[in-house]
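Next, two complexes with chain A in common: one pairs it with chain B, the other with chain C.
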Partner chain A sequence: MSHWRQHPLPWLIATVALASLPQLMTMPAPLVLLTLSPMLWRGLAALRHWRPLPSLVRIALTFAGLAMLVLSYGNLLGRRAAVGLLTVMLAMKLLECFRARDARIVASLTLFLCSTQFLFSQGLPMVFYGIGVSCGALLSLALIERHDSWGRSGQTPPSGLGLRRELGFGSRLLLLAVPMALAVFLLFPRWGTPLWGLPEQSLDARSGLSTSMTPGSIQGLFMDDSPAFRARFEGSLPSREELYWRGPVMWNFDGRSWSFGGWMRGLERQTLPNADAAPYRYEVQMEPNERHWLFALDYPGLIPDKTRLTEDFQLLRQRRHAITSLFRYDMVSDPGFQDSPELSIVLRNAALQLPEQFNPRTRELVERWRAETPNDAALVRRVLAHFNQQPFRYTLNPPLLSRHSVDEFLFDTQAGFCEHYASTFTVMMRMAGIPARVVTGYQGGWYNELGNYLLVRQSDAHAWAEIWLPGVGWTRIDPTAAVAPSRVEDGPLDALNQRRHAFDFPWMRQIRNGFDILDRTWNQWVIGFDAARQSNLLGIIGIEKLQSRDLALLLAVVLLLGSVAVVPWLKRLGKRRERDALLRQWRRFIGRLADAGVPVSAALGPLEVGAAAASHLPTQAQAARQLAQEYLAQRYGDEAGDREALIQGLKKFRARTEKHGS
Partner chain B sequence: MTTFAPPAPSRLSRWQPGKRLSRWFLTRLQQRRGVTHLPRQLAYRDIYILPTPFGYAFAVLLIFTALGGLNFNNNLALLLVFTVGTLAQMTTFLAYRNLTGLTVTTLFAEPVFAGQTARFQLRLHNEEARYRYSVQSAKANHSDGDCKDIPPDDSACLKLPQSASERGWLSAPALRIETRYPLGLFRAWTWLFPSARCLVYARPTANPPPLPLMGHGASGPSRRGEGDQLHGLRTYQAGDPLKRIAWRSSARHDALLTREMEAPQERACVLDFDQLTGMELEQRLSLLTAWVLLADQQQLSYSLHLPTLQIGPASDTPHRLACLKALALYDA
Partner chain C sequence: MKHSSANVSPQPTSNQHERRQLLTAALAAVNEVLLGKPEQVRLAFACLLARGHLLIEDIPGVGKTTLARALATVTGARYQRVQFTSDLMPADIVGLSVYRRDEERFEFHPGPIFADLLLADEVNRATPKTQSALLEAMAENQVTVEGTTHALPDPFFVIATQNPLDMIGTYPLPDSQLDRFLLSVSLGLPSPEFEKQLLLGEDRAHLLARMEPLLDQTRLKLLQQDCNQVRVSDPLLAYLQTLLAATRNQRWFQHGLSPRAGLALLRCARAHAFIEARDFVAPEDIKAVFPGLVRHRLTVIQGQEGSAEEQALKLLTQVPVP
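Then we have the complex of A and B:
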């Protein structure tokens, strides 16, 4: 019996476990249990020599798994749900993994499962995940093969050279494979446009700002440190007070939550800032979030492809073009642009809409202030001063609010997050008859000096208000800044005097931000590599405007040349080089003779080799026989001859084969 | 821990349209190649390589993954496919290298009786400095065979069972030496058409009638020194085996005594083909074979009389083998 390390099953189970790890982290607990239990069962079955489960039990378990998946995900159309299905079924397959065939299927499918995980994230950690799964799968396949070959004649394979030497061998092989794989990666013809898109209902909208804002929605994002996007500025960098990245704009308020007016989707912006005169030009590299919004500083002057700019300056991707992979766009912004000096009656009504019979105390307060102040601007100042002077707190854990949320916030709790301030301020403006709306997006960012780019994380999510003033147009007001000015100056993490979780230290955040440049480079060069980059790259070395067919041809040539280089390497792999130069040359001499069709092998004596060569190569009979005799004399004779000359002679000998009449 | 169960015979494996084709191909190849003379070192033109069914399935899986990766421009998935694909492609070379340079030294089988299984032994020698893993041998058109590793500068013996139903010479079948090393994606193999043969003795009759004994043999008085009956005691001489020393008697006589043994008196018999009248040829040969075995077992001196030749009388192993061979190859 061989050692467990030589047996494929532990490796196979470990590979399945590793491959399903990212999926397990997103699955509800019952499904995690359902996925892990077949692995455990199969391991115990091997140790305790259990028999396979009856097929009825397996079918019942499969259906139970399907039912649990549908219950957890609603349907099986979403990508998470589909990958969940794959994960659960792959684990279930272990239950019937008693033949080499099934084991091979499982090992190969772990590779497929691994590649589906790349749909959700292609970050640097996923590289290690991919390497781990492929090594596990290949090792499992190798061991399965070994056990299958031996098992067919009823034997258990002996342990081979030992895991260490075999891993060494495998890694050298990998070293040879990687350059070839990179060549294929660079030269493989890419598709400019996808053949099939993702159906909208299969999107999961994993992260980022959503189409509605309820108290707590931005606070959830605040816990999330993953990058939202990165922006690289050409020329001057805006000041922190200008770094308002505009996202979903909320018009509708139902007393509790704000929502994006779907009707706005159809309302396209007519007048744009002049792109040529805009002071800020930058390139945004956006992480996939499966949503439709692009982010830009106020006010965007360019409209990327397959995108529309709505009346309220939201950049919305078209249907079926949600951001499902790393997305890059160029943008210009002009903060000085005057947005809508005139407001149509429809928009004005929309920006004043409020549900009746909510928040009576606030309404009363606003009406009192309205009477006391001469104009809109004074009223705004009054409200902001109220926020600033009253003991309002900026906090991560605001008390829960009920029906009259604005009343309770304004008079009772006085503690909240940016969304509370933006929402309350906007409601108050509408009560005072000033058109107002809530804008969500990101504020600030971390400037990476080494990479010269601005990193915006999900935790930078923010909400602010915009009011419309006659003659001035829409004007941004950030009530949070009145309460906690450091929110805008230093970012939300420093504005709070509390840690978000046990490992949330400023120095850790600094290190993480510093390492973000690796992620960005990875994004830039590996994840973002597409048809356009490919043609740019080939352009650098002077190959331009290649068709797919030419690319395939180029790839074939490179691979062929690569093989020519790799095959001798492979040939030498695992071979011991003969130390004795004379013996080495003698063996090569015999090898060349054998290649020329002379029936010789290393097992023959020198005289036999000479005789065989002489009879098969009549024109070189003399030379061959002489070399053989000289070799015999030097190796076995008494006197030492000219060793170097013999080595050279053996080296230079080339068998000339000619067709003699047969 | 259990190894994997052998593949179940499925309906698919019984349906083999390619079997006739491959038999035809093999006949053609054998005609062209002729007999493989041993020893033979496998060269690159001897070695064929093709994907296994699993290899094809794996390729389909990789292609689908690559299509998905291309469609969503998912570069990590593409990198995974390209790296694994390149490695898989490289295994063709490893499989080829696992066979090339291997020397087929001998193919040989001990004689068996008809109805038994002849065990051909194929000896492979690895004169190179690298390990060769999981080298298998199988009869052509049979899927499974013996499997061995061959360490550097070492050889291994692979068994090839072949059922022997008729007496006479059993030729070694056309053979395959193959390997699916390292991942089972590709199978490299070579054909061998060896000239080796196995002698198949006639099938001995079960429960044969008693031997036709003919009184005492001509070998004279019983031989001393060997056998299993006690003849007497004599004084120890240097060189007598220790187990022959009669320790108890030696103690009584103050001198080492050795037991002298003798073989029972030999009897003789003549196994005559012509006396077995009223039987078919094969029945006669079977009966004679059974008698030869019986006589040998009883350590009789016996002789075999066939119409064409006479052997014996004798009672030793070479005699038995000569008799069995004569019966196996008897040609009426």
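Then we have the complex of A and C:
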């Protein structure tokens, strides 16, 4: 009938497709097909004027869809399965979407589907996704309504009605909801854990450091630009050489990979740096990663709630308190702290443990060096010098290593990244009888001047070694720095001075950095708005220490008041404000008559309105009729009557309804 | 009510004010004969003033002839009635040439169509050929017999009737022919009170015989010209266009009103406004003539109930008046 761009259907289908996009990416292929085909069918049906499918076929399809869902997910109770059900059924609803009513349902459900996606991710991209779906749904709804109402009034929609106006209309409606949404956001009672009770392993697998380290294992992280955490420092920023964010510490080596000793995790740290004297104070905001580590610079002086500090300075969350949502903690660090001037025999043994019959060539080399340089510090320098002088290369794509990984690395390939160097160095130290361990974590970070915080990405993952020297305690040695000092100074990728992928340009990174500020702001103000912040905020306006129940009550009151305030606005929004003052007053006049029970509508001519008013309001018959006559003459005749007087007359007219018994 | 028709006898010169008064009197006079049908009478007059022709669809015996005769009488028109039958030939309507032996030439004998007001009773009973002769005359305002064109009287008004129930042996008029009729009305049965009045009152034939002409053809022509002076404002035109568009959007009718029908609607509305003694068209005028205009022109879309007229009334309640 009209141009396709003004037809609601293409927009509706596009909105459904957009809304199901995140779900589609996690669904098995048959279900993806099942979701996409109704959209295709409905589009073709519109183009080819197909008739709706028979209801039996639709019912059969519904059950087939259900069966496929059950087959794919096992049951329909999980979050993924439930959202999958919603997605598939919403797409199938398109099959019978031939009337305004159905279209309206579909458009509204896309909004619902969109909101369910926040169960899986609450990051900034989801905000843009949400905005996109909302725009699509609003546009579709506006077009549906326009189409429907124009059709019903028997008028063809004017061709000039642009999409921008439709979208504007939808946005204005949305604007009405903003105060309400804000009220709900600010006042809704908040618990420590999300309402829907996230099971611990529910988040889709995320990358990050793991509990074991095989040289090459964190390679994938270097390509991952997603933020690991952000730190905002009070006062000055530490120099880059001090930005070692301590994570999992590895003690056990089985010849190939490193892991931390099971019992080592149980050891609690006894002596801590003095928190008050620590030079670095900062607040860390961690992205959810399903893990238990908190990251801190050497050496952490505070232990956040529900966290413990192990002997080797790992900050570990307690069981069942993995970081499943954005997590903030305050931290202090004292780099000058002396870690374990004395080493117990048990730990010493653990730090010297090496599997037999691995890496014979390295063992031979180390034993030779040890004989030549008995001094520990001198030996360390010699090993580092070896890394420096021999043609070792820093590369993110090292050759594969087999059984004697250290031997092969040290003598044959001589190419690798931090893990290889840290692992090799630690093994060599242990062979030399110096207690050593591998520390993984992050190194460096990108300082965002605009937001004044340090962003540490997954790609900043790093591994280094720690050796224990008598009287000095555990000392950090970063063998990677000996090979590629720029790795520590500039980060792993700049150290390579090459692009990671085809789209890695400096300006792209700039954009990403800008985006990160937004991301952090979103995290800080929206996702991170927890019970404590809520209480702080309410404290500002003098409401303190509210129980959940009181909050709910307050919210209900605010919503109620808000609704009352919005209703008149809403009533006016439907009607465009008439430019012509006379016509505007006339319409209000009709509106008031209708409110008083006179059967009038916009479809009545002035004389009909006058007659209806006269018969229903006997006491005002004369006045009403006169107003109607005058209006008719002024609007349709060329009589130059007193326009202002008529406007005033219409304005002042109030229907006096007869009351019985008075 | 007796009107002072004696002192307003036709005068060659007349001013508009006087013509209006006469028109009002004429309406009142017809309403006196045809009881309880003021709207239909007003539509008939509007049709007359808008230089159109009227189609009355109704069962026999509800006053179709009475209306035609009364109209003819008060307007001072020469009245002819033709009962259409299946064996009626075109020549029976338009007339024929007869050879005059004494003068050695053909002489044209005008048929009943050469009247100011023609009542074509049961127009759908005649064969299409005969129908088209009448309808052609209605459209062209002239008839051509054997190569000679004869002009019809200037205010020329046809009232055709159809019985909507008895369709056996009829030739229904095609849409294009129906379009020649400006308005179509249905008289319907009188309400009980008027029926009582009718039963008790004088014979209609006597009343008709006593009626006096209030207008004449000259005045009628002037009145028709007066209607053209009726002002049409922009909002009203917008309303009219909205209505036209509404008939065309395939929600109400199978196909909408043509632009010619739009012009007809405007002409009717003007005439109606003039009868209502206004010098501008009000939305009510459009609404009053709209169902009569749609009635015989449009077909209700499939799946919808009710007649075209009911559909038109429903449509009118949906389109807002600007």
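FYI, the second predicted complex is superposed on the first by the 402 of 662 C-alpha atoms of A that agree within 3 Å, B and C clash if a C-alpha of one lies under 4 Å from a C-alpha of the other, contacts with A are read in each partner's own complex, and residues count from 1 in each chain.
The criterion applied here is as follows: a contact is a pair of C-beta atoms (placed from the backbone, for glycine too) under 8 Å apart; a residue touches a chain by one contact, two chains touch by 3 or more.
What you see is a predicted model, and the numbers here were worked out from it, not measured in a lab.
Engineer: Kindly classify A:G605 by the partners it touches after superposition: chain B alone (first), chain C alone (second), both, or neither?
Structural biologist: A:G605 sits against chain C, while chain B stays out of touch.
Engineer: In this superposition, which partner touches a larger number of chain A residues, chain B or chain C?
Structural biologist: After superposing on chain A, more of chain A is contacted by B.
Engineer: Pick one for A:F529: touches chain B only (first), chain C only (second), both, or neither.
Structural biologist: Touch status of A:F529: first partner only.
Engineer: Looking at A:R51, would you say it contacts chain B, chain C, both, or neither? Reply first, second, both or neither.
Structural biologist: In the superposed model, A:R51 contacts neither chain B nor chain C.
Engineer: Touching A:R549, do we find chain B (first), chain C (second), both, or neither?
Structural biologist: In the superposition, A:R549 contacts neither chain B nor chain C.
Engineer: Is A:R654 touching anything from chain B or chain C once the two structures are fitted on A? First, second, both or neither.
Structural biologist: Touch partners of A:R654: none, neither chain B nor chain C.
Engineer: Based on the superposed arrangement, let me know which partner A:Y636 touches: chain B (first), chain C (second), both, or neither?
Structural biologist: Second partner only.
Engineer: Just checking: does A:S115 make contact with chain B only, chain C only, both, or neither of them? Give me first, second, both or neither.
Structural biologist: first
Engineer: Answer with first, second, both or neither: which of chain B and chain C does A:A100 touch in the superposed model?
Structural biologist: It touches chain B, and chain C stays clear.
Engineer: Do any residues of chain A touch both chain B and chain C, and if so, which are they?
Structural biologist: Correct list for chain A: 1, 151-153, 155-156, 601-603.
Engineer: Hey, which residues of chain B end up touching chain A in the complex?
Structural biologist: Residues in contact with chain A: 1-8, 39, 41, 43, 54, 57-58, 61, 64-65, 68-87, 90, 93-94, 97, 103, 127-131, 133-134, 136, 143-147, 149, 179-185.
Engineer: Okay, in this complex, where on chain C does chain A touch?
Structural biologist: Spelled out, the residues of chain C in touch with chain A are 231, 233, 235-236, 242, 245-252, 278-284, 287, 315-322.
Engineer: Can you list the residues on chain A that touch chain C in the complex?
Structural biologist: Residues of chain A touching chain C: 1, 151-156, 583, 601-608, 632-633, 635-638.
Engineer: For a test of understanding, state which residues of chain A touch chain B in their complex under the given definition.
Structural biologist: 1, 4, 7-9, 46-47, 49, 98-101, 103-104, 108-109, 111-112, 114-115, 118-119, 122, 126-127, 130, 134, 137-138, 141-142, 144-153, 155-158, 160-161, 173-174, 176-178, 180-182, 184-185, 188, 190-191, 194-196, 198, 324-325, 526-531, 566-567, 570-571, 574-576, 594, 601-603
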